[in-house]
Amino acid sequence: MKTKFHIKDLDLFFKEEKVLKQINFEIPANKILGIIGPSGSGKTTFLRALNRMNDLEDGTRIEGNILLDEEDIYKPDYDVVALRKKVGMVFAMPVPLPMSIYENVVYGVRLSGVNDSKLLDELVEKSLTASYLWDEVKDRLKTSGMRLSGGQQQRLCLARVLAMEPEVILLDEPCSGLDPISTAKIEDALTVLKKDYTIILVTNNTKQAARVADNTAFFLMGELIEIGSTGQIFTTPNRIETNDYITGRFG
Amino acid sequence: MKLIGEKGVKRILMLTAFSAISALLLIALFILNEGLPFIFKYGVKDFLFSSDWNPHLGKYGIYPMIVASLWVTFGALVIGAPLGVAGAFFLTEYVPKSIMRIIKPTIELLAAIPSVVYGFIGVMVLAPLIRNNFGGPGLSLLAASIILGIMILPTVISISIDSIMAVPQSYREGSLALGATTWQTIHMVTVKASKSGIIASIILGMGRAIGETMAVIMVAGNSVNIPHSPLDSVRTLTANIALEMSYATGLHRQALFATGVVLFIGIIILNSIASVVLRKRAVKK
Amino acid sequence: MRIHPRYTQRGAIAVLGGATLLTLLILAFIIFFILEKGLPGISLSFLTTNPTDMGRAGGIFPTLIGTIILPLLAIIIATPLGIFTSVYLSEYTKENKATRIIRFGTDCLAGIPSIIFGLFGYIFFVVTLGFGWSILSGGLTLAVMILPTIIRTSEEAIRAVPKSYREVSFSLGATSWQTVKKVILPNALPGIVTGIMLSIGRAIGETAAVIFTAGSSLRIPSSVFDSTRTMAVHFYILAREGISAENAYATAATLIIAVLIVNLSAYWLMHRFIAKRS
């Protein structure tokens, strides 16, 4: 089994505060990793460390290493733009850019200099199909992405990431604001997508992790408490905190 | 932009970012360079505190103009500040937001009216009114104060409104929930919380009044003397520069630049105070 | 003695409301007074003929040209500088000593009286650089004068673009400049344009900074090195030297109308922008 990310002794500081403490584990390729934990546990911060989105916040500093395909993504002169093209991200709140559905999907690709309209057309259809949105929007690709419903917007955001043909997809509580039907569509899309992508899904909803993740990691107070196959974590957790969290004692 | 690259873009942007500060330095440099040597040659004390301004006799004392500028500015504040602050409180605390959104830009139109037009109104309407009711030449310290008082209104009102709006709604709700009337809430809670912004608005209005030129030239009468009553004709620092600049040469021109130096330094001091006051507010948050 | 809160409340409404009403009445009075006296003097021939006899008779055609060309030149120079500065301040740098200095300088520049700009423009552009009393000197002086307004309004407009747009753009592999070009500037544009319009309004009405840098020639300029006279300067000369009250009123009315058009379209733009946002 191929390792996609290798996290070694990762500490992350925000100003003086240590937000992540001594994280060590490997993320296998072509699997869905679910990350669960109460809010404030550092799971979103961890996710944003994987495509260096934390760089945008003033006062963030890391120690330790994160290797992507055995290459340290925090080494000096590492190409951050290339990293983000390889590691796509879907945010908690769906944020369509204020442009048409079509332009939203091809935004990242156009930035890389692709302008061949036939190629772009194909890409739009392929990406929207993979995110289960094509049938709903194929007749109105030129209308603004902001006119879609919340669930549709989030699938548009997923399509936008797929169009980049990344290797990894990070999802930060992508269904937190969505209705059950949209949530189901996104979960269906993810289970299909994992054969081509490595997927890391941060979620507040333990049931969602149980439904779609192959492996599950449990974060608490900036520490990785436990990681294992989803079946093991949800049936025979090794740690008492994990058990308390998944059975709803706190969080 | 591909040719220059991301680093090149950043460098170009950084260079342009210094355009405003370099303009300011250039202005300071050229005004000081023209004016300061004169001040030292003529004598700081004689220049600032002598009342004798008589360019063809080589006399350059600007004391009357300094006094006039201070009085005119004071007069403008007496008229403009209470009116402006009162308006700001009325618009934020008593009027629905939707109406405020229409009235605020309307009042800001006052700032768009060219200063020569204010001066003209002063000459045609205000000066005769003063002459007929109170005597004197009409074109006077009083007329200048009233016109300037009106001209600083938009500055005072819009900056005050911004700072009153910045007071958290929860403060007001807390006070109103305890049974206070809107007025009690204003003078016990809102005024205190927005005080520094209101002070800054008045200081900035002051800067505007002290620096105003064309309107003042038209309504103040322009005779060089230390005023004894609001009905006297006065000449401000700005008017002194603008009136004589078109024909001044040699020492005379340097003396006008030196007048500019005094004005420039005064304004920079006022602005620095205002920006410190506003910064304090930002830090407190 | 204690007055019942109900009465202080009513008194406050009367006083504060009175102050607001007075302010609005003054504004209305100024506009109506000028328009009432000036509108009868405005005609097509007034706008399209040259003044004769120092402006005692004839129209204001050359001053219209001056009034259009000086602010235009100022905007062409100040807009890119202002926008780039605000992009740098909001997108390319964190708050530090340099940005504080830039902001302080911008605030100071905004507070400098126009007569000082006039003095500076005269000694720097007219004399030192040898541009003479000219469109170029006047335009450059106005550009320096309006630069802080453009920087401030652009920065506000840029900061109003949601942070999430930036995150999305970066997460899709955009560079800073790509994000600025494709997401930030298009979304901040209406706010930026509003700032530009307000600056144009200020430049149109400016007198002190222009009279000592662009001069007051009534000839139609043939190059940027020719002197020109703006409407505001023309009006000042007519009114102050008592040349012609009738023509002064008509010129003032034209000036007020021009300024109102520019400012009202700026507010209209801003309003549409805000409506679109919400």
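So that you can tell them apart, the chains are marked A, B and C in the order they are listed, and the count of residues begins at 1 in each.
The rule is simple: a residue touches a chain if its C-beta (ideal position, glycine included) is under 8 Å from a C-beta of that chain, and two chains touch if they have at least 3 such contacts.
Computed from a predicted model, the values in this text were never measured in an experiment.
Taken chain by chain, the contacts run in an open path, each chain touching the next and the two ends left apart. Located most centrally within the structure is C, per distance between chain CA means and the overall CA mean. Here the CA centre of chain A is 48 Å from the CA centre of chain C.
Here the CA centre of chain B is 17 Å from the CA centre of chain C. Centre-to-centre spacing of chain A and chain B amounts to 54 Å, using the average Cα coordinate of each chain.
Residues of chain B in contact with at least two other chains: none.
Shared interface positions of chain C, defined as residues touching 2 or more other chains, are 175. Those residues of chain A whose C-beta lies close enough to touch chain C in the complex are 51, 53, 56, 58, 81-82, 84-85, 88-89, 91, 93, 95, 97-98, 107-108, 111-112, 157, 160-161, 164.
Within the complex, the chain B residues that touch chain C are 1, 6, 9-10, 12-14, 16-21, 23-27, 30-31, 34, 82-84, 86-87, 89-91, 94, 103, 105-107, 109-110, 112-121, 123, 125, 150, 153, 157, 180-184, 186, 204, 207-208, 210-214, 217-218, 238, 241-242, 245-246, 256-257, 260, 263-264, 267-268, 270-272, 274-275.
For chain C in complex with chain B, the residues that touch the partner chain are 5-6, 8-9, 11-13, 15-20, 22-24, 26-27, 30-31, 33-34, 80-81, 84-85, 87-89, 92-93, 101-102, 104-109, 111-120, 122-124, 128, 144, 147-148, 151, 175-177, 181, 198, 201-202, 204-208, 211-212, 232, 235-236, 239-240, 248, 252, 255-256, 259-260, 262-263, 267. Residues 94, 162, 164-175, 178, 182-183, 186-187 of chain C touch chain A in their complex.
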